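Multiple structures are listed underneath, in structure tokens.
Look at the two complexes coming up: chain A is in both, with chain B in one and chain C in the other.
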Partner chain A sequence: MTPYFDYHALAPVIVLTAVTLIALVVDFVWKGSGRQAVPQIAGVGLLLALVPVFTLAADGETRVMFDGAYVVDDYALAFAAFFLIVGYVSLLLSYDYIAEGDFYQGEFYVLLLTSVLGMVIMASSRDLITIFVALETVSLPTFVLAGWRKHDTRSNEAAIKYFIIGVLSTAIMLYGMSLIFGMSGSTLLSDIYKTAGGDNPALFAVAIFLTLVGFAFKVSAVPFHWWAPDTYQGSPMPVTAFLSVASKAAGFVALLSVIFFGFFPSTDSWQPVLWVLAALSIIVGNLAALRQTDIIRMLAYSSIAQGGFILVPLAVAGTNDAAKSSFEAVIIYILIYAAMNLGAFACVIANARRTHSTAVSSFAGLGRTSPAVAVTFSIFLFSLAGIPPFAGWFAKFVMFRSVLDAGTPAAVVLGVIAAVFSVVAFFYYGQVIRQMWFHEPADLGETGPHKVPVALVAAMSITMVVVVVIGVYPQLFARIGDVAFPVV
Partner chain B sequence: MPINYFLILSAFLFCAGAYGVLARRNSVLVLMSIELMLNAVNLNLVAFSTQVQNVSGQVFALFVITIAAAEVGIGLAIVLLIYRNLRSPDLDRVEQLKG
Partner chain C sequence: MDSFKDWALTAAVFVPLVGMALVMIIPKAEETAIKVTALLTSLVTLAIGIGILADFDYDNTAKMQFQVDKEWIPLINARYHLGIDGISLPLLILTMVIVPLCIIYSWNHFPEPHNPKAFLALILLLEVGMIGTFVALDLVLFFIFFEVVLLPMFFMIGVWGGPNREYASIKFFLFTLFGSALMLVAFLGIYFLSKQQTFDISTLSALEGSGIARGTQVLLFAGLFLGFAIKVPMFPFHTWLPDAHTEAPTVGSVLLAAVLLKLGTYGFVRIALPILPQGAEVWAPWIGLLSVIGIIYGALCCLAQRDMKRLIAFSSVAHMGFVMLGIATLTDFGINAAVFGMVAHGLITGMLFFVAGSMQHRYHTREMSRLGGLLVSAPKMGWILGFCAMASLGLPGLAGFWGEFPAVLSAFEPSALANGIMGNTESTLWTFRTYMVIAAIGTVLAAGYLLWMYQRVGMGEPKPEFEDAHIHDVHVDEWIAWTPLLIGIVVFGLFPNLIFSITDGAASSITRAFSG
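== the complex of A and B ==
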């Protein structure tokens, strides 16, 4: 029996695979100037893969393949488009960094594309095997990317820490998945949904717990977060941006899929786990960010805290009628978080080109030396802090709405924690803004280039448009959550 | 043969691997411990696959084996890199970044 192939539905993945291979071959065959074309090929490829995503969205039909293991619906398409755009912005961030470093060019983009390919597959996965393969396709290239600066021992350290944690979390997650398979007799999420552990709910709860611990490592939720600041600091900066946005988002998409399509009926087994993860991430992430003097470490802890905010709707999803609003909240929060965090990293990279430093104090007087970057960075930081009219407030708003929809005491307590620590977050974001606008520029002696390269400007503009437009006109994004909510 | 035997063995393997990852300082031994954990998973998958009469468990195990091979390839490459720079496979010496 031949399995049913829907080539239209697979087109984004096929295009991306083809472009990845072309980039690899071009880099391999043309030693000289041909190599310079690799980033362009990669960029065009990412945008080209968007075309079938849009034609599929226009078609609007839900396509199911391989007995339901691979589904292309609105939810999958929304995230496929999201990952392709995030991949494109990450590519823009890397362009000058890689071109000016003494690195091999082509492999970087090939690895980046492979990772994005895994993310696009992840969005469509509805089966434990597919989710596992997609998650590893996302992770494996990023281990190499983290250790990109081969002769820098800090980059080595980032890679080995990330690698060991990544593989360990995979092993724990797989052990949980193997138990789930044993109890439900199938790897399909829809079958797991139906059986809900069968006659052994206690062991099923253990299996869910192990699976969630694996995912908690991937999305760096406290107490499984300690690798993240070290890995983020040691990796090349564009890779850090990619890790903290794209691969984290991929982890959340996987979490969203397994919870909503698979574990949903066994509310008692996953809800308390996520509640604890969310509360701890918000508390520890925000408090640790307060005392950081390095901007990358600060953004690392801030992204742990933001991850906690994304977990909040998930942690209340099973109560009362909160399912739909929390599903929407998670999606919207991920999209907005990606835009503002990528933008913030673009500004950090721009500043580090000039000052050769990632200390928070290196931003002193940026408002005077390069006001455009300072304004842009301030907007992203305001957005991360959740101050209107920038997109961050809407992300926080949908999060609190899902908490109110749940309405139980546990949900309200979590909401209060989130609210209190959103205020704490003002302090560390504000500290950077104060440095930029109210401190004298340090005398740097010989400084790097003042001019911000075109690719970085493009990355800043794309993310800035998203952050401002969504902040001012959020209805545009509210529809995405509406459309994507699956009928389970 | 009751499935419990397999499950107990795999739980033991998994715990031994987890202990190895946490306690061992030599990075190659850490990699081997992770392999042990993944093999525990494979044992579970194949045992369950026979019990519930669904071949997808064995397919899952095949994928785990394949990806574990890729993981070890990358892992050894990183370990080799560290060995070149620090002249030691000891993980305790990799500690410049502190939070």
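== the complex of A and C ==
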């Protein structure tokens, strides 16, 4: 029996694969001038892959393939589009950085595309093996990307640490998954949902725990986070942006799928685990970020803390019909987080181009020297802190909404922790804002070019429009969360 | 065109935003164009306000008027719902009047580091937030506007402030943010627990908290209380205020005192009391207690100050204590007094900060031991300062009196609270009567510190170090900025019914839940 192929449903993946191969061949065959074309090809490819996503969305039909292991529904399409756009913005961030550095160019974009390909597959995966394959397709290229600056020891350290963690977490996750398969006799999430561990709930809880630990590494949730600051700091900055947004989001999407389509009925097994991960990530991430003097490390801890906020709705999803509001909250938070964090990285890259530094103090007086970058960066930082009227407030709002929708004491306690620490967070975001606006420009000696390159301006503009428009009219994203909710 | 009633409030909120955008577009070098644009924007907003005043139905002040109710975020049931009643109207107009005056005052002396473009853009953004908060009838919308106010004030203190500005600005921001985070959680709690899942303030007020258990109301009220009490600010959450006021540029202090503090008290009257009446009943005696502590503590702190602006800042703590005492009685009498007190405090303390700022501009110090003889060096300004000090200490015939005296009086007969501190009505009655006596002592202390300040700053001979300094008397732009406020202080002092007649109906409707 040949499996059923729906080529329309697979079109985004096919386009992306084709473009990746074309980019590889172009780089390989036309060595000189061809290499310059690779980033353009990659960019066009990402946008081209969006076309079938939209036609599929317009079609509106849910397409199921491979016995339900690969599903193209609104949820999958929303995230496919999201990953393609995030990939495109990451590409914009990389363009000048990679071109100006003494790096190989072609491979960079090929690896980036491959990773995005994994993410698009991830959005549709409804099967443990498919999820695993997608996750590895996401991760493997990023190990190489993290070590891109191969003459830099920090970059080497970043890659090695990231690689070891990646392998370790995969091993743990696979072990958990194999136990689950042993008990439910299937790798399909829908089957796992039905059997819910069968007659051995205790072992099933252990299996869920191990799987969740694996994911916790991927999304750098405390206490499985310690690799993140070093990896983020050592990696080339555009790669850091990609890791902290795209690959993190991919981890969350996998987690969301596994929880909602697979583990959901065994509430008692996954809720407490996620509760602890969320609370610890929020507390440790925010407190550690307070002490950072390097902007990349600060953003690394900030992304750990933000990851904690994304975990909050998941940690209460199983109580009192809070499923829908939690599901929406996670999706909306991921979308908004991506926009503001990518934007923040664009500003950091722009500033580092000029100052050759990533110290927080290198932002001193930016409001005087390049007001446009300073205004943009301030908006992203305020948004990350959750201050209206920028999109971050809505992300926090839907998070609190899910907590109170659940309404249990445990949920409310988590909500109060989140509320208190979202205030603490302003302290370090505000520190950068203070540097930019309240301080005199520091004498930096020799500085790089003042002008922000076009690609970075484009990245900043796209993300800023999202942050401002969604902040004022959040319904645009709210609708995505609404339609993506699966009828389980 | 649709009728004025349909678009007036929307325009009032967003005209300043448009003005801000225009100010941002005009190149930095064209300072005059920037200033004129900003001023015109604020005047257009004021004109809309005057139109609202003319069109307001004064026979139905309890009814929400000029309502707009449109879909905004259906997913969370948040609506774009605006409207005003007799309680919002005076505060709305106060805001609309203060902003252009601040712009006029800044006209020729922008604080260091100058940059009128950014400064005026921030003032206009501030106006958006302030007006929005007073007209929002949806909890989410209210929250947004309540927070929008933070950003411009943060920058105003942090960029244009005094030597300790960084500390003051971050403290201001963190305090308020902390309160509003818990306030937001409480809003969501109200949403999920109330009979109808809605954020609509009118609907929730009409429900009078039915469906929410008493114990839960007490908890939710605590969340709202933190959010609003920090903004007011009430003792012991007031510590950000003296720092913020001392470091803020003059106009920042004026706006902070005149309008921003009222966002907190307004929140109590508009949201906390009507939506969670049972929670309010339990908390009222404690709010009263903190209010009178604030009155006495603020006054005592005033007596210990050497910095003139800091003294006025602490006097704000004391004055807002009177306002909160009025609210804590949960009577329409007390709430009328509170709203009047808000307007009066806005006019009077706004003026005091203006004068303090102008003096600092001339003397380059606010140290009261170095100042002196203002009546000799600049007699007109000296008289204005004296006038404001008198108004502030509650001299009958000036606006300050009608905020303070009825608030004290209202504590004589608080709403019959079944849940007093001791658990019965009798004890509540005596608790509040004790508060009344303490608050009355507070008015004496107020007279003490204000007269003492006036004596040190206004009277006597100029100090030797300023003998040769040429101290300018009141400038033309200062006259333009100050005259409306001075007139307001006199007019509302002589005809308090101008405000009471507007607020009365609305205040009764808010206390309806407590009269039973």
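Of note:
Here is the rule we use: the second predicted complex is superposed on the first by the 488 of 488 C-alpha atoms of A that agree within 3 Å, B and C clash if a C-alpha of one lies under 4 Å from a C-alpha of the other, contacts with A are read in each partner's own complex, and residues count from 1 in each chain.
Basically, a residue touches a chain if its C-beta (ideal position, glycine included) is under 8 Å from a C-beta of that chain, and two chains touch if they have at least 3 such contacts.
It should be emphasised that the depicted structure is a prediction, and the values quoted were computed from it without experimental measurement.
Contacts of A:405 after superposition: chain C is touched, whereas chain B is not reached.
In the superposition on chain A, A:168 makes contact with chain B only, while chain C stays out of contact range.
Legend: residue contacts after superposition of the two complexes on their common chain; A:84 is shown touching neither chain B nor chain C. Within the superposed three-chain model, A:157 lies in touch with chain B and out of touch with chain C [touch as defined at top]. Once chain A of one complex is fitted onto chain A of the other, the partner contacts of A:475 are limited to chain C, with no touch recorded for chain B.
When the two complexes are overlaid on their common chain A, residue A:140 makes contact with chain B while staying clear of chain C. When the two structures are aligned on the shared chain, A:233 is found in touch with chain B, with no touch to chain C. The contact surfaces that chain B and chain C form on chain A in the two complexes do not overlap at any residue. Those residues of chain A whose C-beta lies close enough to touch chain B in the complex are 128-129, 132-133, 136, 140, 143-144, 147, 150-151, 153-154, 156-161, 163-164, 167-168, 170-172, 174-175, 177-179, 181-182, 185-187, 226, 229-230, 233-234, 288, 297. Chain A meets chain C in the complex at residues 328, 382, 385, 387-389, 393-394, 396-398, 400-401, 403-405, 407, 415-416, 419-420, 422-423, 426-427, 430, 434, 437-438, 473-475, 478-479, 481-482. Across the complex, chain A is touched by residues 72-76, 140, 143-144, 147-148, 150-151, 155, 158-159, 165-166, 169-170, 173-174, 177-178, 181-182, 184-185, 188-189, 191-192 of chain C.
On chain B, the positions that touch chain A within their shared complex are 3, 14, 17-18, 21, 27, 30, 34, 37-38, 40-41, 44-45, 47-49, 51-52, 54, 56-57, 59-60, 63-64, 67, 70-71, 74-75, 77-79, 81-82, 85-86, 91, 94-99.
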